[in-house]
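What follows is chain A paired twice: with chain B in the first complex and chain C in the second.
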Partner chain A sequence: MKPDIESNLPTESLSFPEGRQLARIFLPAGMIALILTLSGIFFNAERFFYSWLTGFTFIASILLGALFFVMVQHVTRSSWSVVLRRIPETISYQLILLPVFFIPILFGMEYLYEWIRPERIATDELTQHKLPYLNFPFFILRNILYFIVWGFLGYKLYKNSIALDHSGDLSLDKKQRVLSAPGILLFALTVAFASFDWMMSMDSHWFSTMFGVYYFSMSFQAALALIVIITLFLIKKTAFSKIINQAHIHDLGALLFGFTVFYAYIAFSQFLLIYYANIPEETLWYYYRFEGSWIYLAYLFLIGRFVLPFILLLNKRAKSNHALLTGVSIWILFLNFLEMFWIIIPILHKGAISVHWLDVASFVGFLCLSIGFFFYLLAQNSLIPKKDPLLAESLKKH
Partner chain B sequence: MTPSSNTYGILAEFKNPADLMDAAASVRDAGYTRFDVFSPFPIHGMDDAMGLKPSKLGWIVLIHGIIGLLGGIALQVWSMDIAYPVHISGKPYLNFPAFVPVTFALVILLSAFGTFFGLFFLSKLPKLHHPIFHSNHIERATDDGFFLCIESKDPLWDKNKTIDFLTSIGASTIEQIPEESP
Partner chain C sequence: MSQSSDTQKDLLVKGNHDFASVTRLISDIPQQKTPAWWYIAFGISNILLAMLLGMVILLIWNGIGVWGLNQPVGWGWDITNFVWWVGIGHAGTLISAILFLFRQGWRTAINRFAEAMTIFAVMCAGLFPAIHVGRIWAIYWIFPLPNSMQLWPNFNSPLLWDVFAVATYFTVSTLFWYVGLIPDLATMRDKVKGFYSKIAYGVFALGWTGSNRHWQHYEKAYMILAGLATPLVLSVHTIVSFDFAVSIIPGWHTTIFPPYFVAGAVFSGFAMVLTLMIITRKLYHLEDIMTIDHIEKMNIIILVTGNMVGFAYAMEFFIAWYGGVEYEKFAFINRAFGPYAWAYWIMITCNVVAPQFFWVKKFRRHIGLTFFLSIVINIGMWFERFVITVTSLAQDFLPSSWGYFSPTYVDVLTYVGTFGLFFTFFLLFLRFLPMVAISEVKGVMPQADPAYYRNNQKH
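For the complex of A and B:
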């Protein structure tokens, strides 16, 4: 009576060797753009470091969001996501390379972080009180710790999954869960503190206990958007279309919708508390980001990153509409960069939006390099975790 | 037994959720439209198997949500700016960021009402009695029974053919449900 679903599916052989050709386009494009960005150090060093940090925090947010996605699927032992888990796994594997791109920031600390400038420390009492935390050696130590944790998790979760493909050894599946549960805890702490260190501490007076969650909410929304884009792209290009059905897409769409609301909730809560309490040292951060034409970006995030996706994705059918999902996801990904831009650049340019070609080069460079490396890795392995014990259940999802 | 014109429907029992799902799909493919299934728990994918149209509940909830949104804004604009304008920490009377939590809460509240009472409305609840309770087995639908009932109102209704059809798709027991209490 029931058709045998698995017998006519290409689960064993599905791969994407064409990814190498894509990598051959994206990797050099990304390299060139990043080298162009790096060349900025010679004629506009200050702007270069700000642009680089913008691109870096943008790409880090996506890789970290993908890592969280993988760990949550393992911890909850989700079956629905098994067919598309190779995508976030491959994205988060790139975390092992993230520290390389952090190195330039170390040379621009004086430009980026006011707590390291001697004249600031000498004259500002509040900064002096924060010195036990905000000092160069501890900053380095913390960042090394973040990169070790993320690199280890990204590397292990990817390698175990690939090893499971080849050996079918089910103890690996258990290892993934054992790794992910403490991994999520470590992830929460490291991401929160990394966002404090990278972005919040640029203004050494300002603090927001919600900033870590704020960064996470942006990162997970953006990561989901990228997963949606890649999944729909692969459905168009490969036999992935036989494996993934509308129910999988609908769940991805629902997650994107849900975390769009989550982002809005967190971003607005952070704003509302500071706005309502109206304490000078807290409101100043928003003051600079609402000053002059910067306010337009703030409205753009409200409308473009929450209201618009919310209305567009509210309908059940819209959540599995491929064209709509792709459009919304690309838009969210772009706004994620713009929001990093809006957080970082007003420190340099108060009162008016200022776009430098270094920002564009940094955005294109980091994104292309990451996509190129993603396709390079994806081409080497099966598109789906073919020996995963929950794969059969995932294929039957309806 | 009452004559067939007074039969509410034919209740068929199936062994497990998978059989029930296959049966629902067969009934749908046979062209029946007035039928329902009963199981102790929701069976994922049953909507498709039965060929049900998407629920209208979402639209009811949306309308309630919009009423909550506009009502929340109207309430605060009227009370904070028109009826009782009071200075609060130097902020404008029309303090929209501060209006958001109340508006949000009203959207949630009215949406929840819309969902709850909308579901009652769509399910025609409250209802004191239903002919399906004339069955001797239907109570087991809350325990371990998986049932499908084709109603006599169905355009394709023909008592004997329906019984034969349900037997042919693997029903383990067949029972006629009378419209009136036997």
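For the complex of A and C:
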């Protein structure tokens, strides 16, 4: 039974060498856009750092979401996802490059983080109270730690998977599991504290225990959206279509649907609890993000990031409708950037939405560069983990 | 790429069973002579249940002053027990609905069992809010009934949302459980000998014949109920957490409460399922169906949810310091080092330290250790609710009114009595209903593969 399924499928030879051509378009495009963004430092330094941080947190969220996806599949020994696991593996491998893009932020600390400004430290009691945590050396140390953890996990999970392709050594498969289980625990802690450091501490008085979970819920939804987009793109372009069937797509769609609800649950719970208790030190964060025209973005997230995808993807058939899934996923990816924008920019521009071309350049730059790297890496290896012990089961999925 | 060796190892049902022997294994249990241990257990449960009834009557007669509640602690064991029981009631629906949607075949061995446990646990939980209002004869005021006084419940209060959430959860869980039972009730109807038992099973089997059309409708209904039950798994404990978190009491008001409570609920629910399952599989010789692999999988979920709870504790503690709010800081230092420090450290030991054993495969597959830890975890989860409820109230904003909560014998006996309620129903379930979903277990056996017999003839 198994041999006749496998012999008809191009599992051994499936790759995507055309990825190099795509990389040749996306990499330079991303580079140019990011250089343009970097040039902003000369004429609007303040805005540059805010735009850069927005783009950085956006791309970091996707890479981290993909890393989580890979680890969960290993821990649960999921067979359904094996055929498409190379995609999130390749996305999260880029985490080793993430620290490079963090460097500019270190030069803009004074613009971005009020807790580092000496006059603030001198006059503000709360900032003094937080000094043992919120100070520059410890900030750098923590971030180095995050990047080591993520880089190590992203690197190892990818390299082991590639090595398994070549050697077929099944002990590697076990290694992936052994790595992923504590990996998820480390991931939870590092992502939570990274989100506190990067974004929550910008409003240095504000705090929310949920913030780490909130950042994660956005990350995972966005990462799933990107995985959907790439999977459907590869189905169109390659013999991937013979390997992936509607059942795989349906499961991806169901996950996207499920984590859309999860995102809404977390985001709304955080809002409701703060709104209901109505304590000034907590409500202020929402106050600035609801002030003036910023409120429209909040409505947009409610409707666009939850209600709309919820209704569109509720139907069973919708979850495997390629065109619809692609559309919804691109939209969610875009809204993920916009939500980072909504979290970060109101600190700079109170009361009214302000869009600068640097924001656009940063968005395009980070996204194109990441996609470029992705296709560059993808082109070098098999499209599927071809020697994975669960591959046969994954192919049989119905 | 020989698949057969893998699947042999991963079989969900052990011991070379075929369809007929699985049916016999489960459906024979209600037909056998009632074992002696059952009468003993049922007797003890009934005594406890009678005691519960006595305590509730005592409470209604005298008012809630018979509990240890006083200023400043107005919520004590009542709410602790409510949250504890309702948390235990989460495992059933999680196993039935979420694991069903995630296509986890192993759920079939334990879903019936866990759902029954859920329903009885929610019954125990529902008792507490009902009796803690004091004037139970006015309890119907919690429902928005039109009345001549134009008196409405406060729709802004999560305590009211709780009424709806728990009632919905109970209704949907019961329906879900019953719909899943129908094919097996028909099996029982066909198997039992007695005239009256045939009628009883027959009535509840709703004329099931196992026709293709019946199965189609059944599958569709089951799918819809699973879809409905999934958000309920999250919503019930989310709203229970709102009971605390919407207030401005230090230690209660923190944004991570909703997912943290849900994780804690699943954690304690799975522990309770394990406690009961380990005893039951032994007593009824169901080791082939509820296998060691099931126990290992559940232990993994316990490890994951236990760490989620630990993560939430860490976040709360960090933000209590980071936020710099004086009262919040005090509440947490007071929890860990104040008069209730003993309860806090029991909670940490049981909920955060104990599950770490399950990192090791050998411990995950050790039945004795699993049984012990499953009880430890539920003790820990009881203390978690106790710590949250009581520590924040006992040392409130006004130091002159600080107090120390001590339960009275009525508190203790009411809580112990709920075990009587729980086990009375649970033992009846074990005695009269098929405790494993026979048809679903068959669905995950290799024989259910249409190609099974063809392939096996070849070899």
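Note that in this section the second predicted complex is superposed on the first by the 395 of 398 C-alpha atoms of A that agree within 3 Å, B and C clash if a C-alpha of one lies under 4 Å from a C-alpha of the other, contacts with A are read in each partner's own complex, and residues count from 1 in each chain.
The working rule: a residue touches a chain if its C-beta (ideal position, glycine included) is under 8 Å from a C-beta of that chain, and two chains touch if they have at least 3 such contacts.
This is a predicted model, so every value here is computed, not measured.
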| item | value |
| --- | --- |
| Chain C versus chain B on the shared chain A, clash or fit after superposition | clash |
| Chain B versus chain C as contact partner of A:A122, first or second or both or neither | neither |
| Touched partner set for A:Y276, first chain B, second chain C, both or neither | both |
| Dominant contact partner of chain A by residue count, chain C or chain B | C |
| Which of chain B and chain C A:V213 touches, first, second, both or neither | second |
| Partner chain in contact with A:A323 - chain B first, chain C second, else both or neither | neither |
| Touching partner for A:V100 - first (chain B), second (chain C), both, neither | neither |
| First (chain B), second (chain C), both or neither touched by A:A181 | second |
| Chain C clash site on chain B (candidates 39-47, 93-101 or 147-155) | 39-47 |
| Intersection of chain A interface sets (partners chain B, chain C) | 1-2, 272, 276 |
| Chain C contact footprint on chain A (complex, rising order) | 1-3, 6, 80, 126, 129-130, 133, 181-182, 184-185, 188-189, 192, 196, 205, 207-213, 254, 261, 265-266, 269-270, 272-274, 276-277, 279, 281, 389, 392-393 |
| Interface residues, chain A side, partner chain B - complex | 1-2, 268, 271-272, 275-276, 278, 314-317, 398 |
| Touching residues on chain C, where the partner in the complex is chain A | 1, 3, 6, 101, 103, 231, 234, 238, 242, 245-248, 253-259, 304, 307-308, 311-312, 314-316, 319, 322-325, 359, 451, 455 |
| Of chain B, residues touching chain A in the complex | 18, 22, 44-45, 48, 54, 58, 62, 89-91, 97-98, 100-101 |
